[in-house]
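A, B, C and D are the chain letters, set down in written order, and residue numbers restart from 1 in every chain.
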Amino acid sequence: MDVGFIGLGNMGAAMACSLLKAGHKVTVYNRTRSKAEALAGEGARVAASIADACRGEVVLSMLADDHAVEGVVCGEGGILHSLAEERIHISMSTISVALSERLARLHKEKHQTYATATVFGRPEAAAAGKLFVVAAGPVKAIEKCQTLFDAMGQKTFVVGEKADDANLVKLSGNFLIAATIESLGEAVALVRKSGIDAHRFVEILTGTLFSAPVYNTYGAIIASETYDPAGFKMALGLKDIKLALAAAETLNVPLPIASLVRDHFLSGLAQGQGDSDWAALARIAAKNSGL
Amino acid sequence: MDVGFIGLGNMGAAMACSLLKAGHKVTVYNRTRSKAEALAGEGARVAASIADACRGEVVLSMLADDHAVEGVVCGEGGILHSLAEERIHISMSTISVALSERLARLHKEKHQTYATATVFGRPEAAAAGKLFVVAAGPVKAIEKCQTLFDAMGQKTFVVGEKADDANLVKLSGNFLIAATIESLGEAVALVRKSGIDAHRFVEILTGTLFSAPVYNTYGAIIASETYDPAGFKMALGLKDIKLALAAAETLNVPLPIASLVRDHFLSGLAQGQGDSDWAALARIAAKNSGL
Amino acid sequence: MDVGFIGLGNMGAAMACSLLKAGHKVTVYNRTRSKAEALAGEGARVAASIADACRGEVVLSMLADDHAVEGVVCGEGGILHSLAEERIHISMSTISVALSERLARLHKEKHQTYATATVFGRPEAAAAGKLFVVAAGPVKAIEKCQTLFDAMGQKTFVVGEKADDANLVKLSGNFLIAATIESLGEAVALVRKSGIDAHRFVEILTGTLFSAPVYNTYGAIIASETYDPAGFKMALGLKDIKLALAAAETLNVPLPIASLVRDHFLSGLAQGQGDSDWAALARIAAKNSGL
Amino acid sequence: MDVGFIGLGNMGAAMACSLLKAGHKVTVYNRTRSKAEALAGEGARVAASIADACRGEVVLSMLADDHAVEGVVCGEGGILHSLAEERIHISMSTISVALSERLARLHKEKHQTYATATVFGRPEAAAAGKLFVVAAGPVKAIEKCQTLFDAMGQKTFVVGEKADDANLVKLSGNFLIAATIESLGEAVALVRKSGIDAHRFVEILTGTLFSAPVYNTYGAIIASETYDPAGFKMALGLKDIKLALAAAETLNVPLPIASLVRDHFLSGLAQGQGDSDWAALARIAAKNSGL
């Protein structure tokens, strides 16, 4: 398929590569052009502008936050003003439910199609085309893009036709990862202070009821205390927890564990740990235990 | 092996059966004798007293709580006063770290061997001999009893030589299960209030990063809201969280998520839900969201 | 002094009356004109527009929230576009620190003077001219308006020259009131469940270490469980806690008690209690205790 | 009156002195005899044993914790075994509701009278005879001892005839003090990080809605950050919060703020702050904010 890809950070670049490897024709755009040029060697065409990346059948965007997405979509020369009618914008960024709702409305007014395909997985998974894709939006658009999702991910889950549902699922998932990190961090602080080896403890957990990727990944990081360099920065973890809390607030849903995690992230940032991996929640738990 | 088994509740009866099926000679004792007699048909010998169940090479105990264990071990005619020197007591109950420490000391004074083998798994797993066993204590005793653990469980993890370490791992594991339930309950309340199907959401979680038994089991219960009859009662969940908090308190380790879960369990009990499954934490989260 | 007063809700109307009683010449404006006309009998001049209320030496505004303030100040025909150079705008509303910072900047660009004078006290105190005023802004402006503050309040505290400092103090104060309500609610649930009379308990508190208006006021409400009609609605309490959390978030300051209170307010709203007094936090605590 | 006084710590010694100053005949006993002898100069008779201090009409006890009280009352040669029938034991220590209930039962079996008179106030207040006394127990006993309470305190509140009610009120009061410290600590961290002077902030609070001794005392300590030496140690604060939580647990009452405060106290102890004043909760809040 002939597609555009906007946003070439750690995740985006790896995802665009997966599309190229699968044989798609990909026009890439990034604000800092050098990141786009780095993909030329993989066969990507480098777009000179956002509009230039909107000439294919589908444009995918994978950006850092609401602010970046708003700029790229609604700004002068943005997707909204460049995409032809009927063409599809697949928003893959982790953004607020509120913004996603708004984008759906704006695209509709322009007779463009808006769908979402959020992803679970760290950069390694993105590089291997092993992400999990959670998509939502008009059935036809999702079906048409399935081949793209297959290139980037190992499995796709379709939530429904309301595009922002995929955003809420993504935010809820990230909340659950953060909750897992925090709980693990507390439990590891406890057993460690009692003299039990943290690796042994994590091995028991992942060998029994907790044999899931999230425990394997974060159990290993926490047991070995390797929080730097970050796979996913604490500052971004805070951003996502805030988005989950904001979505919940709109619906009058309290999320006490998210509140607690948010407070610990704030402490982390206040103490200069914003660039550490968000698993460093466990380092805060350890410090609070006198370890 | 010729063993005694004391405590034939849901879990204990299933575990004793597993031992019988594996060909061990099992003498069973239960305060309410009828529960012991029910196992006679499976080939168990029914003990008339605790002492009677202590005549084999090993006696295993699986009781409800500290109080019951203290009675059975230290009480008149208890294990402590009945077991021959050098013989082994394997304590499998979920009890406090403090009591386990004390039992180790008391058994040592009597030149008896004390070890622990706590288990993860609900009654179904116990019936299938598919528990996970977490053992701790003197190497020789653990090695000797490995054949027993193999009969009851699918895998054994040895933590170390300090017997109470297995109790702490068990309590930490139950804390992590409760934390998972609470987090899941909050997340499900959120997506449900937004109109997303809870089953679909759980399917996405367990199909991606959260593909572990604990999410499968509790995700299903929470999505279908089937909290009664209980697999594991909220009142017992509260008991275990209190034991985890007590162990942590001794070491000056704060466990903020355990504190939060404890408070929600207390609310549940105050509102008459003590006999519901501990997964009903999710029902409290739903109620707090106005669902 | 010849002043304008914009915003005639429960608090604003009472405050404008206090100014009139003290002999000031007050031109009042309210979006719903009838509320302004109600004050004509007290001697107020009714303004036809915001601009009309900006012709005096000082214009005071007392509005519901950020949105209302932004409209009245920055909107078409708003204070920003109506106030003469050098003239003073005293913002008395409970608004975000961020908006107050922005207003300071905008007024400065227009060579107008911006200062804040937030108030503590419920409508009864406003009617009696017994508010506490917490002011911040340029020294000269504060000094000039002291006579106005004296008319509305029993005491004025000047925080400093940064106008938004008074907003932060106000939000922090409201956070402390909410924390007091929540703590009192929990303690009263405890003693009540034990059979102790709540009034007697509150009497002991306010007769000893807790002899402050905040305990007198909320202790009485909680002991008698009279949450309706509201003196200050739970929905507004939530608004203010959110503003406190937002201000703290900007500075990376966790406020765990504010997070907890926010979650309880959300529960309250989810369960239809948004119009009850914010002291109904205690009703939630009671329910959670099975009372 | 001819009374015995057992337990001469900071508080007890000051209280015994107040009794002496008021003209009562006081026989003092302390495990470490030197503390008793120090009061001989004030006119106290030094008892050689607990029994020796039980020969008057009333014996008062003011001890560190449950363990000490249990030893002094129930131990060999303890009050229970020394006090004549009909004589009165006034328990003034901050102990668990459960122990107080038990003491009432035990004394009753011995036909002795048991009542409680817990006190609010720091050592300075005790020295000045300005404590607040919260008493509970048989009316006659309370009436008879009123003259003693008047000597030690500025005011007496009688809760009722169930002796342990005074213990619950005391624990609830201490919980509210700790909640106040924590809230103040969080708010002060916030305003301080924004550049507002902490003393000014506390002055505003105590000059308005928060004009109570608890805010004056702890506001001053927190603003000036003078946590050492302690007026009341964090380790004791933790003890009292645990007693409040235990009493609440028995009644299935969650106290989320007490849970949060407990966790912060544990962190404080884990980090070696157990001997600092319990107001050092505010130092933890400051650290968590990056101050």
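Convention: a contact is a pair of C-beta atoms (placed from the backbone, for glycine too) under 8 Å apart; a residue touches a chain by one contact, two chains touch by 3 or more.
No experiment lies behind these values; they were computed from the predicted model shown.
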item: Any chain that touches chain D and chain A; value: B, C
item: Remotest chain, chain C as reference, centres from CA atoms; value: B
item: Pair with more cross-chain C-beta pairs in contact, given B-C and A-B; value: A-B
item: Distance from chain D to chain B - Cα centre to Cα centre, in angstrom; value: 40
item: Chain B and chain C: spacing of chain centres that average the CA atoms, whole Å; value: 53
item: Between chain A and chain B, centroid-to-centroid distance (C-alpha), Å; value: 37
item: Touching two or more other chains - residue numbers and ranges from chain B; value: 248, 252-256, 260, 263, 266-267, 269-270, 288-290
item: Residues of chain A that touch chain B when the two form their complex; value: 97, 120-121, 132, 134, 155, 157, 159-160, 162, 165, 168-169, 172-173, 175-177, 179-180, 182-184, 186-187, 189-191, 193-197, 200-201, 203-205, 207-215, 244, 247-248, 251-258, 260, 288-290
item: List of chain C residues in touch with chain B within their complex; value: 263, 266-267, 269-272, 287-290
item: Chain A partner contacts - residues on chain C that touch it in the complex; value: 242, 248-249, 252-256, 259-260, 262-264, 266-267, 269-270
